[in-house]
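Residue numbering begins at 1 within each chain, and the chains themselves are lettered A, B, C, D and E in the order written.
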């Protein structure tokens, strides 16, 4: 019995080793994706994986791209760097492009693999690495709506605009992960440059048992505005605690996927969600289309798909432009000059250039709950920020 | 076999126990305890006495021990492999050698914790009558009792299980001779007044044979001798090796034992 | 006097286990330490083994105070102990158990051991030879590579002895070695104690409750009761001492109160 | 006394101490070495990477096995030691000290000191209590590492360039494959040596019965600490190796789950056995990929969103089943298989009396 | 200050419920249940599920969720811990880790990994409640405190007075002897696991109602075993003061010390306790030798 288990294991290992490249006609475009599909951070990344899957299912059903289907191999890295490295190693074997939709600690190992095999690497879902910003690394691309430095600039600009001539004091709520802390330390400095009063960044553990003491620190320091750029749990946790202890200031956070539901749940007029994706409450045609397409294909709500959907659009455009046969170099080149109309999912087209693999301009919108209308409203329209 | 011809209360037939799947602790042990009798099971350290008792009273899953052959019959019912609590509730109750009371519980709680067996033989009042000191210390933590008091508490809580057969492991161990004598007398009284049969497992052969009706001798996991107390006491090897009294009046000094003596074996 | 115990007092949280015990042991002698249960015999042995530090007083062995030393230093000074309940390394083989007795005669450290080169390799080969001698002495060849846990109790006891002998001690402490033995086994034990005494010349301090054994074998007897020495001398006189008899038999204690008459 | 299979008589104690003592074993070992040598010619980069990962895990598992399996000191802080090694390397590389000739000794030193500190509680604590102490240490180390990473501004971690010695740059899947396999073999050899020598015996004695160990002259405190130091030095070096191999260092790579995985490796392999540690490392590292390969063929498109959580659950389930039904670990299976072959066609049940 | 005290009390209540879970299981199986945090998460999802099934009927949803949690505890004991009896303790601890993995996977399979809010389905709201001294807590903060107080009061009465409780203590000290005294310790241990799962789940239901519900909430459990150890792994009575202590240190470090340290502060408490008094405030010293 035990001997059999052992031989079965050996057999399976041999299978893994010999994993044959599935041969079908016509030849497909091969792409690999490593994503945090499960694990403690999956809430933000699993929807991207599902969006890609649904999106290219439709593309393939409609005859593929240039007559060739797109085959994406998905690997679950659980947000663990080692697993991502192994996944990247596996995926670069024969893939035209690698997609990363995972947390930032997976970036370095995946980039190392992509670089070694000269595979273009597209970040879609996780925060954009600085290699995608101008001057961009030749093989690194990013479609994610949120990006460090730009988001802080935009949020602080919004605060300044809202408060007019009044001198405001701004607080910052970060999570105890390097990414969030570094971003908000930048924001703190930037706020001072903009002439605002600042409170040192309050760093909150992701697993805080109670957000109240952190909120109390912000309240005691006299914050008029608080900006939070972190995973959703901390962003909203600090706000709710502030709200409960009777803080009357304004709060702005990055609007991740749950933002739309949470604004509705909390109905707090002083809660602002800054986001690069149009919320589905705007009911654009593309929103309806996505909603219909993902019906029964995913366990996540349709409005969680926006991030991945946009990314998939960019990949599709790149592949179309690459033609057939497509190579890694050609695809990298194609992506470097792509211009994608997001049909309203974003504030404008995603345009990449040879030295800007992020976008020539990025667009933001701020949403909040309007008690009078009993609905989420956007505060002004799209704002545009040129990326230079 | 020497015991009374009536069907015995407890009967072991060729019981073999294996620890950790490989180490055999007792091999082919057969013995019987008739109703209302006191039977002694004698042997040296490591002869397999405790294992035999544990086999009768049941192993826990964590012991990694198993009865691999033979059967154990109590009141006509095969109880081999039953859990200890099932055995106890049938009226077969063990007073273990070590860890015999709940130290973090009070004396009273120790008695309250007992789940009584099916028949009602002993009342709490009777127990306090036999062990008045326990009534006095009812509120005291059992961990603070002296050795003798502990043994009494262990006997008392075993009695509250309503035993028809008490299995007592090393009643005398670590106790002063006078206390041993008192406790042995008490065991006899329990049998006489309550009708509880007793299987006494002892290293102290003299003390055990003083109250027992019959006895078995266990060596290296096997029964090597059995019989009524009279027969055992008359047996020259038992007298010499277990009771320390030779058949000659002048015993051989240890210093004079020059030869490595191998005595007759029974198997 | 190779071992001397001077005014040793031991207290635990106010409870006095030993009070002012003094005696001495002669080189190469077999001294028995007797007394009823709870008299403090094992506590005294623990004071010598380094497991307890006396509250007052001290124990000196070959002129050095061992009562202040931790157990491993006591062992290094040449004192070995045979435990009442065989304290063996149950998951290790007989050979490894005996080699552990040689621990203090070896030098190789962790680094040398990792490389198994030079001193470590030479030492392992050399000490293996020594261990085999002990195995032969105790006739343990058959069980050499068996894990101790799978051996019969009697053999385990022998392994415990082998481990102590492998240490080549100059003082051997024995804690009730005859517990649970029948007459035949006790005879073996006696033979064995005499062999150690005569062939190896090891000094022995021996806790024992079997008075016949003590009477026959011991040169000197020290009697403890309630943590105090109540008698000392040759067995013939000591064992006839009425105080000793009383300590052993008269402890009718509160049994009369506890149990019905 | 004759070795299994019969016919092999040792003529000297030296021969009895040898590691590979029969011709059959020599042949098997030789075959394994040849197989590992030629594997890169046949296997894909992914497979080589998997073997490298398993070899890397084996190094860590062997180090933990010395501490937990041999010396009996349970540690939940293993990932902390790894992190300490990796972050020491990162800190030096940040300051321009990139040569392994500098980083490796420094890492070993940091690992040793940390091992000494973390080992201190073991002088008073055992079992779960010690495990909790080492777990607390793990959190403290990770906290310090996180601070360091945040201060250095490395929001996605530190980049570590490939190790360079003179003009020689060490990089590439195949090169790392050989390096890790050789290093794992080396550590295995060290551990096996320890097991048959004075220090290893002393550790095992402490594990089995520390009071008795002291009474045969073993300095229990010193040996406990030396087990911690040996284990933490090797683990910290493994951390440096991780940094160079993967080319990055970040706190997320050393979470609590990593420590648990290492514990899983040595328990599933068979506690206390060096071979078990290697087998366990391979098992725990490769199991998710085996599950992947098994699921790849059977997952229907319609239920894609169930596949990944199901795989994760299957990993947990297989581990649980293994622990429930094979308490002796992989090495137990291995021994049974070996005995079965050795004794074939006779069945044999060793029986001994014991109390 | 008043706010800090109030918060301390709330956090301590959460920790006390989780800590009770650890201690109950420890006393039954001598195992540290590393899945305790995941049982907390599971409790939240049970509530979410029952609330979704009976929307607007908390009277139905809450007891049902609690019953499901207790049942889970029994199942875990029967299926996983009972067969592990006699195996090395750490193998059993590892089994609880695999249990955690299984629970998380199952939760994601059934509920996805989205953030949820059971209160929305229950039809309840969670308004702030001003207290004396200017402190404000949420309604479910108060529920947490109340639940902890009620749970502990009931538990103490149960263990001190009822025969079953006394038997549970007896079996916790010496399973074999308990069994020899007719106590079906498997039943008693299963009950311990049920109570433990119930305590953890109760904390989870309230926490997820109060804050949010997601599959990774289990991390909270990791912090709470500092509480179990500080109080003494085998001491239920020690849990309460230990929870207060750990919570106070944590809140104080956010308010007046280094907030960054708050994440490791339970572990620092644990380390200090291990160095000073390893068996905990109210634990028994003998436990140290036992494991």
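What we mean here is this: a contact is a pair of C-beta atoms (placed from the backbone, for glycine too) under 8 Å apart; a residue touches a chain by one contact, two chains touch by 3 or more.
Note that the structure is a prediction, hence the values are computed from the model and not measured.
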| item | value |
| --- | --- |
| Those chains which touch chain D and also touch chain A | E |
| Least hop count linking chain A to chain E through chains in contact | 1 |
| Chain whose Cα centroid lies at the greatest distance from that of chain C | A |
| Distance between chain centroids, defined by C-alpha means - chain B, chain E (Å) | 43 |
| Intercentroid distance (Cα basis), chain C paired with chain A, Å | 72 |
| Centroid spacing, where centroids are CA-atom means, of chain C and chain D in whole angstrom | 40 |
| Residues of chain E touching at least two other chains | 83, 105, 108, 222, 260, 263 |
| Residue numbers of chain B (touch at least two other chains) | 22-23, 45-47, 220 |
| Where chain C touches two or more other chains at once, by residue number | 149-150, 152-153 |
| List of chain B residues in touch with chain E within their complex | 57-58, 60-64, 83-85, 88-89, 93-94, 96, 99-105, 109-110, 112-117, 157-158, 161 |
| Residue ranges of chain E touching chain B (in the complex, touch as defined) | 82-83, 85-86, 163, 166-167, 169-170, 173-186, 284 |
| Chain C residues touching chain D - in the complex, by the definition given at the top | 49-51, 70-76, 80-81, 83, 87-92, 96, 99-101, 103-104, 106, 108-110, 112-116, 120-121, 123-125, 128-129, 132, 141, 144-146, 149-153, 163, 167 |
| Footprint of chain A on chain D - complex, ascending | 43-47, 49-50, 53, 146, 149-150, 153-157, 159, 171-173, 246-248, 250-253, 255, 286, 288-290, 292-294, 301, 304-305, 308-309, 311-312, 326, 333, 336-337, 340 |
| List of chain A residues in touch with chain D within their complex | 2-3, 5-6, 9, 12-13, 15-17, 19, 37-39, 46, 50, 53, 57, 74, 76, 78-83, 85-86, 89-90, 92-93, 103-105, 107-109, 112, 116, 129, 148, 176-179, 181-183, 297-299 |
